[in-house]
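We just call them A, B and C in the order they show up, numbering each chain from 1.
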Amino acid sequence: MGKKYTYYPGCSSESSGSHLDVSLRAVAPKLGIELEDLNDWNCCGASVAHVEAGALPASALSARNLANARAQGNQDVLTACAACYLKTHHTNEKIRDKPGFKEKINEALGAAGQSYDGDLHVRHACEVIVNDVGLDKIKEQVTNPLEGLKVAGYVGCQTVRPFAGTEGGGDYDTYEDPEFLDDFIRSTGAEAVEFDSKTACCGGAIALMSPDRTLGLIKKILDEAKEKEADCIATPCPLCQQNVEMYQAAVNKEYGTDFQIPVVFYSQLMAVAFGMDVNKDACLDRNFISADVIAQKARK
Amino acid sequence: MSDRKAGVYLCKGCGIGDAVDMDAIEQVAVSEMKAPLCRQHDALCSDEGLKVIQDDIDGGEINQAIIAACSHRVMTDRFQFNGTQVVRANLREQVIWCHPANDEDTQMLAADQVRMGIAQAAKFDTPQPWTEGDFNRRIMVVGGGVTGLSAAREASLTGHEVLLIERADSLGGWAAKWSRRLPHRPPYRDPQDNDLGALVSEVEGDSKITVMTGALVTRTEGMPGKFTVEITRGGAAVLETVGAIVVATGWRPYDANKLGHLGYGASPDVVTGVELEEMLANGGIRRKSDGQAPKTVAFVQCAGSRDPEHLPYCSSVCCGVSIKQALLLVRSDPDAMAYIVFDELRTPGTAEEFYRQAQEAGVVFIKGKVKSVGADLTVTVDDALLGEEVPMTGLDMVVLATGMVPNSTNPDAEAEADEFQEQLKADINPAVPIPSAGFANGGEGEEPQEGFPWPWKDKTPTGGSILNLQYRQGPHIPMLADGFSDSHYICFPYETRRTGIYTCGPVRRPMGMAESADDAAGAVLKAIQAIGNAAEGAAVHPRAGDLSFPKIGYDICTKCRRCTVECPFGAIDEEEDGKPVVNITRCRRCGTCMGACPVRTIGFDNYNVQMISDMISAVEIPDEFAEKPRILILACENDAYPALDMAGINRHQYSAYVRTIPVRCLGSVSMLWVSTAIERGYDGAMLLGCKSGDDYQCHFVKGSAIAKERMSKVGETLKSMMLEEDRVISEEVSIADSARVADLIDRFAGKIGELDANPFKGF
Amino acid sequence: MTANMAATIPGQSARKYDLGFARWVYENIEGGDKLSMCMQCGVCSGSCPLGTEMDYGPRKLFMMVRAGMKDAVLKANTMYNCTSCYSCVVRCPRGVPVQYILQDLGRAAARMGYQEAKTTDNARFAKAFIWSTRKFGRTDERLFTFKYYLSFGLGEAIKKAMANMSIAIKLVKTKRMHLGMPHRIKGTKDLNAILAKAAEIEKREQGI
């Protein structure tokens, strides 16, 4: 039996990033991760709530989730979404460390009869896999190694920045050249291509509100993936997955290119390599740029 | 020495024996040069090799050893035979390591090296040190601020008596006015207590230190070990004898009245950093206009510093001081805001920590040049980062971080006679190679090189001299264009151009309290060394320990005064009739006087005009049909000769036609040597020395500049001999130039090869 | 809050340069206390993915804060071109949390009524986003996106929606967008009480 974590799926798990949620839930037991859903979780506010709602209300969103998690008992709160992780982790650290902040947050939580004092540990799924699970455990589970599959490991921003190198963030990788995703890819038997854009920005929420400002950023990522002859791009971040997949058509239209590169989550690669169902578990049918190449490469 | 018995010892070690035919060399030494004894050995520096030489000495066979082996710069401790004269011929670094083995030209070069060594030995006498009379070991320290106090204390701790002279009525200087000082101990983040009072007490309670306050040095004569100083105190003068002098006269703030464009004088609330310091020490910062504590204060950095119209240099401490003052302001009043407007913030080393501390405390740093400060305290900043002019309004006070002016003169004392002012003017003019020569001819018409900041071009430093030296070259300690005392910045920072007199602290360059205290320790150590060496008759740096000194043949001397004018250290005075008198312990033994003497009657026992001429003449000159040109290199022993040795060590190959003779300084080069070489049939001559100019590297400060000046006249001489001007050149070489020097030689040899052979060959 | 911001209403500021502004930012903007540590090296601006879209890069914006150029700072589009990639935060050699400061400056500008700040895409987007959060407790990508489109007017909204129709269809087909009622949490009442209280505290603390 594995370790138990309170799981905060985040809003994208119910919509555009549902394939991360489903595939992660599928591979978690094989990695010894037991997920217990956070009760009545709400939106984290991501990188946009602050501008309209203000700093303290934005933090209060995370504080309510943390107060709920506290009541559930598990010490560790796990989330797979970069934005959910960043906001929740940051709020947790501020409550714990920033003088006067805990009092203000608890005054706000008090409006619903709740309280929280910052004693939980908010963790990213990737950090948990590196620090608690280990690469060996992934390799042990591989029954269908993805041999011959060339994958561009695209880490993005908020998964590692600004906490992956901090003690509270598990100190599991660097900001400039993170290795963990390439390690995951190689553990599934696939090849991780050298990918300089691994920590480039896809435009984040600005891509959603005004794509014209960010198509160039996405194009650069696609350019390198193509140059490196990657069969697919793998990422841990729901917004990265969405932007790079969803806007490929727009990039092609704007720049006259013909990108058709599947963008998947590392957990989807794992599910295929672990010999699980390519649609029910690995959710390859949820990629609208066909990711069948992954299933084809998997050696049965 | 009348009865010379010179033995020649040929070393075959380090590959010399494999690259050169040593039997042939022995033939040259014995048959041609008539050496009474010549021996070969496989490794002369081994115990067995040394024993061979020692046995010859003990057996009375020889009284001079000519050792043809490695460079004279190495194995000096091995090749020492109890006072027996040793002459070295360099066969390793400058022969086999930089020329092909078993080659005709390499062989000829090796033979010439031995010929030159034998010629040198024939004119080489062991110098006897000059130690006449009593030598005083007391150190006079001039200035009782942080530098002088530290110097006095350091000197006392080494057991020396100290005479401490302070112009003011009490000790402490400027530093005594500061409430808090810049951090000089970890963690370097907070202003520290001013601990100067403790140092004053230590000095006052020190039985080895005699303190004279309210006193001025009004006259100084003599030389290291034998200075006589006149000290005037309350109208009465006393004479004291001291061995060395440390000048720690410090600095004064730049006159803010000259900074009208920065609002000084227009508003009482524009103050200088020093004025703010005085407020801090006397109850806190208050506006002069209404006595209120200011809430918003701007600090204007580089007020008059790094400004060609005012002080062209960085005063080094002002950034730190403003940071300190801003920190004290915002810490004493949480509502107060401090703005530091800087062009470039200079916080070297640990001062960076202090800068960070001020940033953390909320001090606002604005990068830009302040254009003006108005009477209403509006500061107009040309903001470098925003690229526009930013007016800062609503300020309660503006603090001008004014710079440091060195007290290399005493502004309160009367200026000396006009002639000395003229000399000072020439002295600080970087375009005048021989300042005291400028004194002789008025120093007019000289302009510094273009773009050289020369703030006092038309404004000689005002005031009187600090020591009133009774020297032929005037009362001042020579100073640089910016008024700081002249010293060899890289190698000998405390040395002035007056031996036995050492400057330290802000009179040498701008510095703060901690640095001044360190500087004082360095200067005191040099003063102690000067006293010790003077008593032994030995030179101080860079020829530390040299016992030779210049001897003048008065029977030939024409009293032309060139030596007294050109000596870079003012070592030679004149009697009424112009007769030169060497003050031996002032002398640094560079030989510039020897190079200057038109009748060649100045020389050292172990280094003289005839010796080098004989060495030049000893070289075998092949006739013109052999097509083997010969090039004389006179290489300064301080940088150029070591660079040539380094070229060998690095195996840089260069022309084997050169014949190199080390000289003490290019200043010592007699033009006779160049003409001897040409007359003997050399095809070219090359002088290799240190960099001259305002950023000189010359170890004797002015030697290379003087040589350059003299060389400018060689071309005329060559032309009168119907020879090409470019047969004689001069190059500046640094000690690191091992590859470059080989290249310079090859290029010159190439040029000489293109010319016809010297027609004087075999003449 | 100690420093006063007398001239918080744009247009009423008589001076272009307000020396009190830096102090106000230091004390009231999240991470602003660290802004004083900026040494103007420009690593932030050089690292910024959308730096080219900005009126001023973060380095220059911070210099403007120090110089007291309040209006120019709060009218700048810099804050709304931040993608929250945090490159500046992890690279700043002086530990200045650049992204946090920009984000909060953007919020402050909108609060202080700067029209430029209130009409950005970001402001409209954030408004729609928070609407969904307040109403359902979660982000409903369909509804908040359409609400965002609507902020440009009905005609514009339909145009934008049509332009993105093919994406929406693909999302539905791949089970990444559902067609039924919004997902909502049980505790929306509690959540809104908490948010209201937090907003009240913040206003009390900062005065804007």
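The definition used in the following text is that a contact is a pair of C-beta atoms (placed from the backbone, for glycine too) under 8 Å apart; a residue touches a chain by one contact, two chains touch by 3 or more.
Note that the structure is a prediction, hence the values are computed from the model and not measured.
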item: Leader among chain pairs (count of C-beta contacts); value: A-C
item: Middle chain, criterion being Cα centroid separation; value: B
item: Centre distance in Å when subunit A and subunit C are each reduced to the mean of their C-alpha atoms; value: 23
item: Centre-of-Cα separation between subunit C and subunit B, whole angstrom; value: 62
item: Interchain centroid distance [CA atoms averaged], subunit A/subunit B, Å; value: 66
item: List of subunit C residues in touch with subunit B within their complex; value: 2, 15-17, 19-20, 22-23, 26, 33, 36-40, 59-60, 63-64, 66-69, 94
item: Complex contacts: residues of subunit C adjacent to subunit A; value: 30, 49-50, 53, 80-81, 83-87, 89-91, 103-104, 106-107, 110-111, 121-127, 129-130, 132-133, 137-142, 145, 148, 166-167, 170-171, 173-178, 183, 185-187, 190-191, 193-199, 201-202, 205
item: In the complex with subunit C, residue positions of subunit B that touch it; value: 296, 334-335, 337, 339, 356, 359-367, 381, 383, 385-386, 390-395
item: Residues on subunit A engaged by subunit C in the complex (per definition of touch); value: 11-12, 14-19, 40-43, 45-57, 59-61, 63-64, 104-105, 107-114, 157-158, 161-162, 165, 175, 199-201, 203-206, 208-210, 213-214, 217, 246, 249, 285-288
